[in-house]
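Got a structure here, written out as structure tokens. Questions coming.
Think of it as A, B, C and D in the order they're written, each chain with its own count starting at 1.
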């Protein structure tokens, strides 16, 4: 595994994480894009350091196969790219809908949670008075 | 109506047709060269996207004469069909084979079920692009036009 | 047959519910079929049971959990059944007048029948797990019965109180029973008692089981649910809280004591709890003006008495316990019925409002009350006296420690006499107990005969059993013998001038004196009343639970998505790293640079990622993400993955287009908001995740020893898969199933996107409609 | 028999395709949906009978023998859970038709629902770790679309929570796949059983814990569950019901499968799992106690009950795993029933808030009875199915000497009972609602169908209890297979 590319994957994941921890959905989506790239990079690297494109034929020898880049992680990454694309496209549609409803793509806090937190504080105050 | 450059329009049409041909080629060549149903579908989708940019939604949708959601339906049915069909012969699912027919005019026709499967993928990707344009594109246009 | 008896209860309950509109008062007759069947069965099998035989039945249920439906009726179970079914039938007859055809009556009759079935189940269960099943069913049915008048918030609260306390005990008991069974290697009650295990685990198990028994039998400090449960209609109280349910705990103690009384803390624990309950309950019974409350505390006191007698686990005490069990059931049920009649006819059971119960029709009621209360106070020649004599006798002859117990019991009995007197006087001369109170309810009509009859039957039994102890001597003897092979009973009214007799006389005298001095005693009690009552403790516990839960939930559930995501990522990274370094893991540093082409690509990736992260404009951020994507495509080419590069290129393009399609409606600049996790925290979490990813990747890749399975794929792609492009063969053939899933994801995404895009437009509702009417805003 | 194994995945996919094509005819869609799920139920039942008799069945998809191709494996654990899931989904579909909410207004409901069914089935049946990822994504994508179907503001907000957290989980899953493949060169689970054993101890433990985290997010264990109560309650009632009943359990299933099959005994994070189980139970149930909205309250119970299943896994004994398997079956059925009851209540009264509900037992006695049975079962009251599951866990825990977790589980079941009485006492007891407040007399249209579907599920939960003898025997055999996966390995890897 190439150290340089591992570092690149780590940076991609870190940047992605930073964006995912934000509140604006469009940035969160970009964050998932970066995270996805980082993990895909790792997946490709999990098959080794690359090699010749894996094209086989009647004359392919064991030595040829030895030089192939591992095709299986490539298939994994392909599947992952497509799936991520589908999900992210949906997330974009969700951001779009959110924008139309609230003029914002910010992820709000859950109202019922906040209500209960407020009630708990209320209860504490009442308890303190009693 | 927006004013459109005739040159742009013509170029897009030319590129569009070429892209469609390329996409179909990629679909069928994928088993032996880079490509396959997914990449082919993407190329076709990109071509349709180009049509959308140049000619608007209606023109993009007119590329396919049926309801956009029928494409993924047919594509999924094709893919699942190739998975289900070997079960009838007590083979494992998705066990691909080459079907050969002897047709009157065309002579020997061979079709790998793997290609049918890939065609299903192709249809789904094209359908997805059309449905996304149909959904997000229409809303956006209305809003953009309505101010 | 035993199963049929249990089934009869359930069937009659189902019949009552099914035909509730047509049955009217007949619901009570149908409901009583179960207990009646039990009585008939007992009569038919009396001979066998008296010979020391036991009737058994068995059905498999869950073999894997050693839970078989073992049923067994021996003489002691028969004694309990006499109580449960006999009083059960009378209560049904009584309730027919009390509740009549009221709208709730069908529900009450069905539940009462179910309860009788559950209680029968407790008594006939020979597998401790089956016993637990029936035990919890009595808790649930009693919950529903206490809450019968569900429009009354007090009834709802009392029902919950009773359920939670008994369920708490039940759960402790479950753990105890399972432990006990695992120690003994059997869950059959009979086998458990025949060959009792011992040891630390057994002691712990017994304590847990006892917690269950104590809660069910309303022993201190778990007693507080019982007075509250008096909101239930009086027939329910008479049955559940006098004769049946509360005896379940006593029953369990009685069953286990002969085998386990000498194990660990059993005897000191049980006797102490019982005595405290007897005395404390007796003291509390001197205070209420509500006659039902008075009886409730009296019941608690008497249950303590029973627990002491059975808990000692010696044959003589066991005999006394059996006698008192029956005597108590008779007089307490009758007394509850009396209170119910008074309440029903006069509209009150508060001594301060009670009218004089004058007139011929009330004479029977008064007689029942006097006879039953006298039996409770152990006045000769009544059943209660016979039982009390046995108890005193058992302890007088016992070893040294029993003297202390005896002293406690005498004290408790003095209190019993006092509150019995208080009850009778309150009923006959309300003014003597409550003083000249304000408005009294108007004098009432006499109750109809059918209403009084069940109580009369009970009172008559009290008298007969007292006058002629030989009638039940055999029953008690067999029952006690079934519990403890050494126990033999010979009940009699007259033991000669003995210590027990003297004690009885002294008890009566002291009790009368205590009642005579009721005013100073009341003043003293008021002055020394403990600051906390059981109900208050329960209420505080529930309040504390609710507040604590709300506080905890406010902390762990702030509703902030970034926080959730951060916690999840951090947990995954940190936990995995900790596990990783727990053993050998580091394979050594990898090569710094693989191919020269990697350097510019990696640089592009890093720069693009960082720039995209810090970009302040949406458009720029998306474009920079695109740059990263294209750099990835280039990298794929370098790595020998042309399909991947093509796909990456296409997807990235499409992604950017779709993103811009959406973005054109959003403001170009990200707004600054100081919300959620602070920047530093976000940076720290991101750094942790990044480092974790790198470390884990190096560790995983460095530990590979095996040949990857993909080698076989490359070799077989052409001969087996008929394709040159190995990746494509994998995608459509070898792992075509993945691809099938992948395209399914796309289909679902497409449907979802279209649905969202078409969702109707609404004015921006800030105050959300929480009603969730289920109404959709569909196209 | 092997032909049956892929059908639970393929039939719903075919159904989804047909349903999507028939988007304009709700009647056709309904017929397709119900027929498909009924057929899959029959297939699952037949598989169960076969697998319990003759051991696991493996199918090499595409005819590529493991570990090269993808293997589908039907064994006792997977098939019994599959059967429970599919029957539940069938009942919920009928309910949805009666409810006439999203099902009526959204053409996408039926295809998405069938895609969800396919994803669920694939998650249970796959014997391949990467394919499990794909199956999860199929299930998730359908669930994203279903949870936001209708696009109401509350749905969009909670949909964001749900999608974002699920994406985090998917990313971590993909990361762990990269690590697994990097370390072993394979993703076939049976093959991994042998390969993982050769890894250095630290790497093994790291992978085990990472997979716990990945599946822990999906199954909503502490401290990874916070998203669930914020996102489930806002969807349409049938959608919430099916999510509540199924999705988290699939996470638990994946956790059980991966921990028992992939890792040798000395690597299994038993202590960690027991701690997580205890905290999940306690924090979840306290969260439930604090709630006043029926669906939110029930959502927290999903979390709390997950702790019980993880407890069974954490014991890593035959008895513990058997109890966990039984408990999952029980939860799938009972939790779904409870949410369906909540759905009827909201349909009838327009609210799910306890402060605004009262006296429903008077106007809806049948519904009250159904709720009571399901709620008592959830609280582990005998002789209902929850009791059997709880007893199994208690016996397993005490037998293993894990006293602390048993004590926690019993205390939590008391609190569960407490919160169930809270619902009962507030919503079903009390003065009956004003006649005009409950809208149309006799309830909304489709009420009978909704009640029938709910009743069928409650009846199923009773059957789970009554038939606990054979079912528990099956669970024990399943637990045995999990502890000792020899037959599984043979079925997959045999030439």
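Here is the rule we use: contacts are C-beta pairs under 8 Å (C-beta built on N, C-alpha and C of every residue); 3 or more make two chains touch, one makes a residue touch a chain.
Because the structure is a prediction, the values reported are computed rather than measured.
Asks: Applying the document's contact definition, name the chain pair with more C-beta pairs in contact, B-C or A-C.
Replies: A-C
Asks: Taking each chain's centre as its mean C-alpha position, how far apart are chain B and chain C in Å?
Replies: The mean C-alpha positions of chain B and chain C differ by 61 Å.
Asks: Counting only Cα atoms for the centres, state how far chain A is from chain C in Å.
Replies: Spacing between the chain centres: roughly 45 Å.
Asks: What is the distance, in whole Å, between the centres of chain B and chain D, each centre taken as the mean of its C-alpha atoms?
Replies: Result: the chain centres lie 36 Å from each other.
Asks: Please tell me the distance, in whole Å, between the geometric centres of chain A and chain B computed from their C-alpha atoms.
Replies: Going by mean C-alpha positions, chain A sits 27 Å from chain B.
Asks: For chain C, which residues are shared contacts with two or more other chains?
Replies: Answer for chain C, listing residues that touch two or more other chains: 546, 550, 553, 557, 559, 561, 565, 569, 642-643, 647, 651, 654, 658, 662, 665, 693, 697, 700-701, 708-710, 713, 724-725, 731, 733, 735-740, 742-749, 751-754, 756-757, 759, 762, 765, 768, 770.
Asks: Return the residues of chain B touching two or more other chains; collapse runs of consecutive numbers into ranges.
Replies: 32-34, 38, 69, 72, 76, 80, 83, 93-94, 96, 128, 132, 135-136, 139 - these are the residues of chain B that touch more than one other chain.
Asks: Indicate the residues of chain D shared as contacts by at least two other chains.
Replies: Those would be 13, 16, 20, 61-62, 130, 134, 137, 141, 144-145, 148, 151, 153, 160-161, 164, 168, 175, 178-179, 181-182, 230, 290-291, 293.
Asks: Looking only at which chains touch which, which shape fits best: line, ring, star, complete or other?
Replies: Contact pattern: complete, every chain touching every other.
Asks: Would you mind writing out the residues of chain B in touch with chain C in their complex?
Replies: Contacts found on chain B: 30-39, 42-43, 45-46, 49, 69, 72, 75-76, 79-80, 83, 93-94, 96, 98, 112, 114, 117-118, 120-121, 124-125, 127-129, 131-132, 134-140, 143-144.
Asks: Which positions of chain A touch chain B when the two form their complex?
Replies: So the residues of chain A in touch with chain B come to 53, 55, 78, 82, 86, 89, 92-93, 96, 100.
Asks: In the complex, go through chain C and note every residue touching chain D.
Replies: 60-67, 129, 132-133, 136-137, 140, 143, 147, 150-151, 153, 156, 159-160, 163-164, 167-168, 171-172, 174-175, 178-179, 182, 545-546, 548-550, 552-553, 556-557, 559, 561, 563-565, 567-569, 571-572, 575-587, 693, 696-697, 699-701, 703-710, 712-713, 716, 720, 733-738, 740-742, 744-745, 747-749, 751-752, 754-756, 759-760, 762, 765, 768-779
Asks: Quick check: in the complex, which residue numbers of chain B touch chain A?
Replies: So the residues of chain B touching chain A come out as 32-34, 38, 128, 132, 135-136, 139.
Asks: Where on chain C does chain A make contact in their complex?
Replies: 546-547, 550-551, 553-554, 557-562, 565-566, 569, 589-595, 598-599, 601-602, 605-606, 609-610, 612-613, 618, 621-622, 625, 628-629, 632, 635-636, 638-644, 647-648, 651, 654-655, 658-659, 662-663, 665-666, 670-671, 673, 675-677, 682-683, 685-687, 689-691, 693-694, 697-698, 700-702, 708-711, 713-715, 717-718, 724-727, 730-731, 735, 738-739, 742-743, 745-746, 748-749, 752-753, 756-757, 759, 761-762, 764-766, 768, 770
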